[in-house]
Every structure is written in C-alpha cells, then in structure tokens.
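Okay, so chain A shows up in both of these, paired with chain B first and chain C after.
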Partner chain A sequence: MNKRLMPYYLMTVPAVVLFFVFLTLPALQGVYYSFTNWNGFGDNFDFIGFKNYINLLKDGNVGNAYWFTFKFAVVVTILINIFSLLIAMGLNARIKARNFLRGIYFLPNILSVLIVGYIFNYLFSNVFTIWGQNLGIEWLSTNILGSEQHAWIGIVVVAVWQGIAYNTILYLAGLQTIPQTLYEASNLDGANRWQEFWKITFPLIAPFFTINMVLAMKNSLMVFDQIVALTNGGPGRATQSISHLIYTGGFEGGEFAYQSANSVIYFILIATISIVQIRFLQRREGDM
Partner chain B sequence: MRTKTNWTVMILITLGTILILFPLYMTITIALKTPEDMLASVFGLPKELHFENFTNAIRMTNFFNALGNSAMVTTATVVLTLLTNSLVAYAIARNMNRKFFKGLYFYFISAMFIPFPIIMLPLVKLTAGFNMTNLVGLTILHTVYALAFNVFVYVGYIKSIPVALEEAARVDGTSTWGTFWRIIFPIMAPINATVGILICLSTYNDFLLPLIIISDTDSYTLPLVQYIFQGQFNTDFNLAFASYLMAMLPMIIIYLFAQKWIINGITQGAVK
Partner chain C sequence: MKLGTRIAACLVMVLMLAACGAKEESGRVQIEFFQNKPEAKGSFDALIEKFNQSQSEIKVVQVNPPDAETVLKTRVVKNDIPDIIGMGATDTYSLLAQSGIFMDLTNNPLLSQVDETYVQMLKDVAGMDEVTGIPYSTNANGVMYNPEIFKELGLSVPKTWDELLATAQKAKDAGIIPFYFTYKDDWQTVLPFNALASNLEGIEFYMDRRGGTVTFAEKYREIAEKQLALMDYGHGDNFGKNYADGNRGFARGESAMYIQGTWAIPEIRKANPDAPIGFFPLPTGDHPEENKLISGVDTLLAISEDSKHKEEAQRFIQFLLEPENSKQYITEQTLFSTVEGVTQDDPAVAELLPYLERGQVIDFADHYIPAAVQLNSVIQSFLQNRDIDGYLQKLDTEWDKVADRR
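Right, the complex of A and B next:
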C-alpha cells in the first residue's frame, strides 16, 4: 500500500466501523429476523421463511397503515411544495423587512415536532372548536382529531405548518440563483407574470423542485412524532402510520419478527419511491 | 418597475405570519394563565402573569436535569460530528478517483434512504448488549446517523477547495493529518457552521431515538420528558404549556441571536 495514502485510509476507519456496527449490521439483522418468529425477548425462535411476509399481505392493520401513510404523504408533499414556493416567491419579491419576515417563516423548523404536535392538539380540541361553534361551521365545532374520517386532516395541518419552513428556505436559495436580467429581458418582450413564472422561474429552479419533492415525500412517509402527539394512531387505527405501527407492534405487541418484515417492505418502498421520483423529476429538469 | 416595494405581496406575506405566530402566541399566553383565566377568555392576554406555572413545571418534570441531558448530548454530538464527519469526508473527497473511496462514498450516502424504523428493532438489542442505553450511546448514534447526509454536504464543499494549498503544505513537509487540521479544517468553517447548526437542531429536538434507547429516567432528554409529562398531567394545560415553552426556549433564544447566520447556513448547505 502506498505510504502517502495510508493516512487517508486511517481517517476512514472509525467512521466505517461505527457506520457498519450501528447501521448496516442492525439493518441486516432486521432482514434476518424478518424470516423468523422471534417475539423480541427470550432465546427461542424458529426460521419460518416468508410466512411473515405472506401474513403481512393479509393483515388489515398493515394495509390500513400503508393506505394512511401514502394518502398523508402525497397530500402533505403537494401542499408543502405549493405553499413554500409561493412564500419563497413572496419573500424574494421587493418587500420591506425581508430578513425579519424570512426569520419568522423559518421559525417552525427549529421547534420540536413533538411539542408542536402537543400545542396543536390543544388548539384542535379547545380553540378551533370555539371558532367552529361561533362561526356555525359544523365539522369544526367538534375536535377533528376525534373523528375517524377527519383526524388525518389535523395531522396534515401540523405537518404542513412545520414542513413549509425548511422547503421555503430551499426554494428561496433557488430563486436567488436566477439572474434579474432574465426578468428584465422578458419584461421588454412583454411577457406577463404567468408566462414569466412558467418560462423562467419554474424551469430555473427545477433542481430545487426535485430536492424539495423528494425531501418532503421522504419525511412524510416516515411520520411518527406528529402521530404520537396528536392522535396516537387513533381513533381506532384511523391515523396509524407505518413507523408508528412498527414501533407499537415491535416493542409493545411482541411482534418483533413480524414488524421486522414490515420494516423491510417499508424500506424497499421508500427507496423505490425516492429513486423513481429523482429519475422522473431529473428527466423533466432536462426537458425544460 | 422592480425598484419599488410590492405592497400586495408585502401585505399577503405579513398576513401569512399570523398563521405562524398564532400557535406561539397561544403557547405563551396559556403558560402564563390559570384555568380560571382560560374560562374567562381563551384568546386574550393573561390578566396577571402566573409564573408559578413555570416553577411547578420545573419541579414536576425535573426540568433542569432534562435540560442538562439535552444540552450535553447536543453539544457532544455537534463537536463529535464536526471532528469525525469532516475527516472522513476529506479522505473521500481527495481520493474520489480511487475505487475504495468512491465505493465508500456511495456506501455512506445510500443510508440517506434507509428509514429509521428498519434498524429500530435490532438496534435496541444491540445497544443493550453494548451497555449503550445512556447519553453516551445516544451521542454516538446521533453522530453515526448524521454521517450519510454530512458526507454528502462535506464532500461537495471540499471538492471546491483548491488542492494546490495542500500540495504547498506537503512540499513544506507537513503530514496529511497536519494538513487537514491546520489548513483544510479552518477553511471549512462556513460548511462546519451549517452542519453544526443542522445537527444541533436535529439532536436537540429528536424524540424517537431517545425514546427507544433511554430507559433510565435520570437520562431523559427534554422531548422525552414532555412525552411522559403529557401522559401524566394531561388535564393541567397551563402547567403543560409552561413546560413546552421552557423546552423550546433554548433553541428560540439561539435562533434570535443567530437567525441570519442559521438561514444563510442552511441556504448554503442546500446549494452545494
């Protein structure tokens, strides 16, 4: 081995060891356990092949958690991207107190998701209901977190409220890379605001659109803290996300191996969605 | 045309801040009220300030112990992350033409797509076996799990630093280690700030990792304390909100002082 290269190899050793032990190894173990019937404690377990995976397909609770998580993730991703792009364009326009306003819009990102969830939990049960009653809006007069049909909307509200902050900053970074001269030129050519947006702004921030879509999707597919703080999966199992199901089933329900199999499927889905999203959006970036 | 203030946008953006500030206004006012005040008016300002909500919450949640734990884990994670993650990223960035390092790069960043729940269950067994169900373990795990994203950000940054600087140092007889610590690490200050801020926020606010790792109540971090507290005292909202406010306050204070820096840092990290 080249003597000059030696220090570089040594630099990587601690990171590689720790990374392997605490990330790769547990991931491999998870895959291994998914083929057993281990309950998480005790020494006795058998190798049962694909039985867990087959049972997962028939399990209504699992199907329910996937349906909830996907519905939630798609809605949140779309809403976050629409709002954060609008806010970023607003913050990038000629306005006063720009830095101050940017500071306020980024504030939700520095707060704990769990605590924000608790605060909104109170607002949903004791504050928004008062508005609903005063304004005579029926669906708002009772706590929507207690409703099987509407509880997921409450979680969407909280996730969007907090998620917008980070994506806004990323869009803002993207908008600042666009040279002003392009807008001046399009003004001379008589382009209207709508054309300006679709022909200049949007194509030029396409890479940021890709990052934001992938990040928002990935984060909302992993939703956990908000669920714990707002509904704990209820009412019934109406708002149980996949990660919440893995946590409760794996640690409290004695379904260690079974939920390991669930995790493997969850991982394959997240990885596939992220890769497909990146491929698809990058191809569009090229087209524009 | 674009030199004057755009008042339509200005007004819309200002109105939008109400949506951000309203929940925070409610948090502060509820933390300072009594249940009787709340019955009189949920939205109004408190008639008199009830700071005993804070003192009671401090006592009941053992607040300063949790704050100390959170501060310790966050500080240690930031320091450890800056020292170790930058080092391995440097080795990778400077040897990207070699198969081993390139492979390592993709090995690390592929972990960005691994959802935490897939390693959550085996991890609990693993950390129990290593006696790591404590604050030290929490620090190490936070550092390891941030590696994927940080290597990605660091490598991008280091590539933009000219190699000529290091070659000059090497001609002068400085070792590779010396070159890193004395020349590269100081040049990386802006990206270190970005990574440091992001790690600080994510470690301080993290709930799931401490939830599964920490079993000893004395080692609880702030989010964990709020979780337990919520279960036990969910009827006394004033007390609960006082404790939420105190748990969020350290980051809000840091944010007030370093706001511009934090936003710029995150913008820079994103563009890389």
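Right, the complex of A and C next:
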C-alpha cells in the first residue's frame, strides 16, 4: 500500500464502513423485506413478490398521504423561501442590533421540533381559541387543528415558522457575497429598489435560491415531527404525511413489510424530485 | 491487511460493550419486568421493592419506556425479550401471542387464582385455545358524571338510551355542557363506539367478520346513528380539545358528563383532588338489565418463552397476585382486580361494582379490530363528516384490505 495514501484511507474507510453498516445495509434490508409479508417480528414470513406494491396502488390511504404531503410541501417551500429571503434582506441592511436580531431569528431552528409542536398545540387549542371568543371572530374560536378542512394550515404555520430560520441563514450568507460596489454603480444609474432586487440581488444569489428550494422541499416532503406533535395525522387522516403513515402503519399497525414497500417508493420519489429540481434550477442559474 | 483487522477489532469491541449491558448480580437471579403503563410506574416500583426485600434469590428490575408497545415489538425483532411482560389485552398482544413468543400457561396454577371471565377474554382476543397471559388488573369504560351538577339540576342516573339523551338535553337547556368531548385525540372517539358496538352487536360479530359472513354495513348502522346522536351534546370545540383538556375541564366541573375510562380518575384528581366523580355504564338500548359494562384487561402478565428464569418469573407473578399486593395496586390506579375477594373501594366507581360482581361485563370492541385498520382515525373522520354510509363502507374496505395483506 502506498505510504502517502495511508492517512486518506484511515480517514475515509471507517466513514464508509459506518455509513454502509448503519445506512446502506438497513436500506437494502428494507428493500428485501418489501417483497415479503413480514409483520416486523416473529420468524415466519413468505416471499410474495410485488403484492405489497400492487396493494399500495389500491390503498386509498396511501394516495391520500401522498396528495397531502405534496400539497403541503409545495406551499411550505414557497412560503419559507419568500419569508426567509425577506428576513435575510432585512437582517443584511444597516439596522441597529443586527447581530442580536440575527440570533433571535435563528432561535426557532435550535428548538426541538417536538417541543415547538407541543407549545403550538397548546396555543392553538387553549390560547388562540380564547382570543377568538373574546374578539368574536368565529374561525378563530375553535381549534383549527380539530378541523378536517383546515388542520393543514396550522401545520403549515408551524413548519414555516420553524423552517424560516435555517434558510434565512443561507440567504444571509448569499447576500454577503454580493459586492457593495454593484449597488453603488446602480445607484448612479438611477435604478430603483425594485430593479435593484430583480437585476442584481436575485440573480447573484441564484445558487443559494437553488439550494434553499431543494432543502425546503426535501424537508417538507419528509415532514413527521410536526405532525406527531400537532395532530397525529388527524382529524381522521386529513393531515397524515407519508412518513407518518409509514411509521404508524409499519410499527403500530404491524405491517412492516407493506410499509417497507411504501418507503421504497417514497425514497425513489424524493430522490427524483430533488434531482429534477437541482437540474432545473441550476440551468436557470446559468441563464441569469 | 493490518487495517482490516483493526477495524474488525473495533467492531468486536463495540459489540461486546453493547452485550455487557445486563449481567446478573452475585448470587441473585435478575429478571426484567417490562410494562407499558407510565401511570403505573410508581406503583410497580413500590411492589418490586417489597418483593426484592422479601427474599434473597431474585431481583426484579422494572423497565417502562415511553411508547412501550413499539419498543417491545422492536425488542422482539432483536430476540431480546424481557422475562415478564405487562401489557393490555390489545391487538398487539394478539399479534405477539400468535407469533409464539409467550410461554404457554394453560394449566398453570397461577391461572386458577384469577377471574375466569378475563381468562376467556384473553383467549378471545388472541383467537387461540392456549392461554399465554395472566389477567392482573381490569378497567371499565362508561360515563363519568358530576354528582353535584346532577343534584342541582335534579337529574338521576340514566338507565336507557333515551334517558341518556333526555339527561343530556336537560343539562344543555340549563346551560351546562352535557358531555365534554375530547376528540382532538383520535383514541377518545373510540370510547362511545366500544360501548355501543359491544352492547348492540356483541363480540361474536368479530368472529363472524373474520369468517367473512357479515359486514359492518349490514350490522353497524344503529351504532353509527347513535354515535352521531351524541355529538349534539358536546361543547363548541369538540375536535379541538384533547384528553388532558378534558380531564382538567371535568375536574373543574365544566361538564355534567364525560365519556371516559376509570384510568382517567387519578389524572382528574391531580387537577382537582376534591373533584366530585360518579360513574355509570353507557346505556345503549331500551333494556337496562341487558346493558353491559365495558371492561377489559388493563394489564396482563406474560412470561417470555425464551426466558431462562421462568421459575423465578412465576414466583414474582405469584407475589403480585397476593390479595394484599393486588389491592395496593388497584387502589393506587383506580382499577379492578382479577383476584377473588380483592375489591375496589373507591366511591367514584361504586356504582360499577354490581356489574362486575354479576359478571355483567363485555370486552372493548376495538380489541378485536386489527391495529392496521386504524379504527381511531376512521371514527374521528366519520364524526366530522357525518357520512354514515361512507363510514360503514370504509370499515369494511379497510378490514378487507388489511386481511388481504396479512
């Protein structure tokens, strides 16, 4: 073995082994089980081929979970990016207590999602409803999370509130790469604020826009904790996301193999969406 | 390949460290008692302490993780099954029992010490002739009411379905919330369902449903209608309040009645130690003498088939079954004992005792519905959209789908 390469091997091999043992192997096992009828315990199971996959296509609950998750992910991704870009620009401006405010806006990202969820859960059921009753606002006086039609809005609010923090930091980093001289030059040419944003700021942070869109989309497709803490998929199955369905069906429902098949499909879908998004947005970056 | 051996050595080390977790203490056999009720942790700790001090050969250790049923299932996968398992007689128990992981106790002398009714219940839930668990404590599900409000309004305990609705109407007319519904938690929506389904159609329905000779659509219409009828007597935000809100609300006297299980009593008393509490079975029909109390096995004790200490495990269970210890447990947990002669003296549940003594009880219907059907969310959804046909059809299709996948 080449002596010079030794340190590299020493560093990468353990990482590869750990990654393989703890991530790749279980994933492959999951694929294997998706072709069986294993219930998650016990020794006896049979190979049933593609039956799980066929049943998945026939299962209305699965369709419902995919539909909910996509709607949710698109709305959350758009909202997060709008708000975090606005906040980042605000925090990048010459304002008082800039660093302090940056810290404050980052706080939601540090808090545990579950704890935030439980706090909001309490707010939705026992605080906002009382405000609504006192102010005589009908839609606010019942718990929004208890309504089949509107519960998703509550989850979107919490997911956006918490998701903004991380993306704001990325946008801030992006904004700081823009040289001030560009703005000075455009000022001399008489550009207004609006032109400044669309002609300078936005094109120059395009790579950050790409990564933020992809990350926000991926995170919201994988939404789980917020749902557990806020509605547990309810009322009924109105807010059941795919990962929540996989968890409840697979572990609580004792249908391990069936939900393994679901997670294989889910994995392929997320990977495809992320790749397509990156391809598309990166091409756009080049055009600008 | 020096590097390869080094990595292998590291992995072996890690595995050994993990395996070194539980070793026996010198001279004493250590057995693990795994149970799923967080409320009961303190009570079991006290009993275990007493047991460990009473002799010098066995040491019992309690394990009570959050989300215990799921933890138990994953431990079964790893073949790391606790010596003694305490859990409810649910569909999970049925799945585990059918997988053959529990010791067969069919002719065990321990079984002769407990009430026959509940032993039969375990057989029915598991769908097996062998008995693999010892029922230890049982609960009851019915209508909790506030005796002070009842007295104020001149109400009496309803005996039939019509009387129940009339009582609720009177409370409503007097400006008091008749039922405090806590349907943000989907499992709460199942409580009235259990009372109605078990009483009106019986448990045999599920045996027939497994055989495919009946459907929910044929038999469950009346049950669905009555489930909906109750919804007219809630508060303004039936789907916005959860179990904890309900316990607090009832403890403060905000509602006249509260459809709930006996397990909530300790929680209500935490919110208000002097909360006035009465309890009656949910009347479901026109004949009070036919109305049964919903009562199921709250905790059963099972021994792992793989355990190396079956003898010691049985000694511990024998200890728990001693009248004095059983009494201590049910008093702290407001449950009922399966042991002959051990009575629950809590005045809050006094009205339920005659039913238990006469054996006028029936099991929770949802114990017979596979967990994968996710009955809770089906009912929660139905109570919101009020579509009876859709609901009954959903129960049938979900049941068939799950049966098809098993």
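By our rule, the second predicted complex is superposed on the first by the 283 of 288 C-alpha atoms of A that agree within 3 Å, B and C clash if a C-alpha of one lies under 4 Å from a C-alpha of the other, contacts with A are read in each partner's own complex, and residues count from 1 in each chain.
In the analysis below, a contact is a pair of C-beta atoms (placed from the backbone, for glycine too) under 8 Å apart; a residue touches a chain by one contact, two chains touch by 3 or more.
Because the structure is a prediction, the values reported are computed rather than measured.
**Student:** Just to be sure I read the superposition right, which of the two partners does A:Pro14 touch: chain B = first, chain C = second, or both, or neither?
**Tutor:** Both partners, chain B and chain C.
**Student:** Is A:Trp198 touching the first partner chain B, the second partner chain C, both, or neither of them?
**Tutor:** neither
**Student:** Which partner chains sit in contact with A:Phe224 here, chain B, chain C, both or neither? Use first/second/both/neither.
**Tutor:** Only chain B is touched by A:Phe224; chain C is not.
**Student:** Taking the superposition on A as described, I'd like to know which of chain B and chain C A:Phe251 touches: first, second, both or neither.
**Tutor:** After superposition on chain A, A:Phe251 lies in contact with both partners, chain B and chain C.
**Student:** Just checking: does A:Gly40 make contact with chain B only, chain C only, both, or neither of them? Give me first, second, both or neither.
**Tutor:** A:Gly40: touches chain B and chain C.
**Student:** Just chain B (first), just chain C (second), both, or neither: which does A:Phe280 touch?
**Tutor:** Touch partners of A:Phe280: none, neither chain B nor chain C.
**Student:** Using the touch definition from the top, say if A:Asn126 reaches chain B (first), chain C (second), both or neither.
**Tutor:** So A:Asn126 meets both chain B and chain C here.
**Student:** Who touches more of chain A, chain B or chain C?
**Tutor:** In the superposed model, B touches more residues of chain A.
**Student:** Just to be sure I read the superposition right, which of the two partners does A:Trp139 touch: chain B = first, chain C = second, or both, or neither?
**Tutor:** neither
**Student:** Intersection of chain A residues contacting chain B with those contacting chain C?
**Tutor:** 9, 14, 40, 126, 251
**Student:** Quick one: which bits of chain C touch chain A in the complex? Just the residue numbers, please.
**Tutor:** My answer: residues 3, 7, 69-70, 73-74, 76-77, 91-92, 95-96, 99-101, 183-186, 236-242, 245, 370-372, 374, 377-378, 380-382, 384-385, 397, 401-402, 404-406.
**Student:** Where on chain A does chain C make contact in their complex?
**Tutor:** Where chain A meets chain C, its residues are 9-10, 13-14, 17, 37, 39-42, 52, 55, 58-61, 124-126, 129, 141-148, 231-238, 240, 248-249, 251-255, 258.
**Student:** If we count contacts the way the header does, which residues on chain B are in touch with chain A in the complex?
**Tutor:** Residues 1-6, 9-10, 12-14, 16-17, 19-21, 23-24, 26-27, 30, 42-43, 84-85, 87-88, 90-92, 94-95, 98, 100-101, 104, 107-108, 111, 113-126, 140-141, 143-145, 147, 175-177, 180, 201, 204-205, 207-208, 212, 222-223, 226-227, 230, 237, 240-241, 244, 247-248, 251-252, 255, 259-260, 262-263, 266-268, 270-271 of chain B touch chain A in their complex.
**Student:** For chain A, which residues are in contact with chain B within the complex?
**Tutor:** Checking each residue of chain A against chain B gives 4-5, 7-9, 11-12, 14-16, 18-19, 21-23, 25-27, 29-30, 33, 40, 87, 90-91, 93-96, 99, 101-116, 118-120, 122-123, 126-127, 130, 161, 166, 169-170, 172-173, 176-177, 180, 183, 187, 208, 211, 218, 221-222, 224-225, 228-229, 242-243, 246-247, 250-251, 256, 259-260, 263-264, 266-267, 270-271, 274-275.
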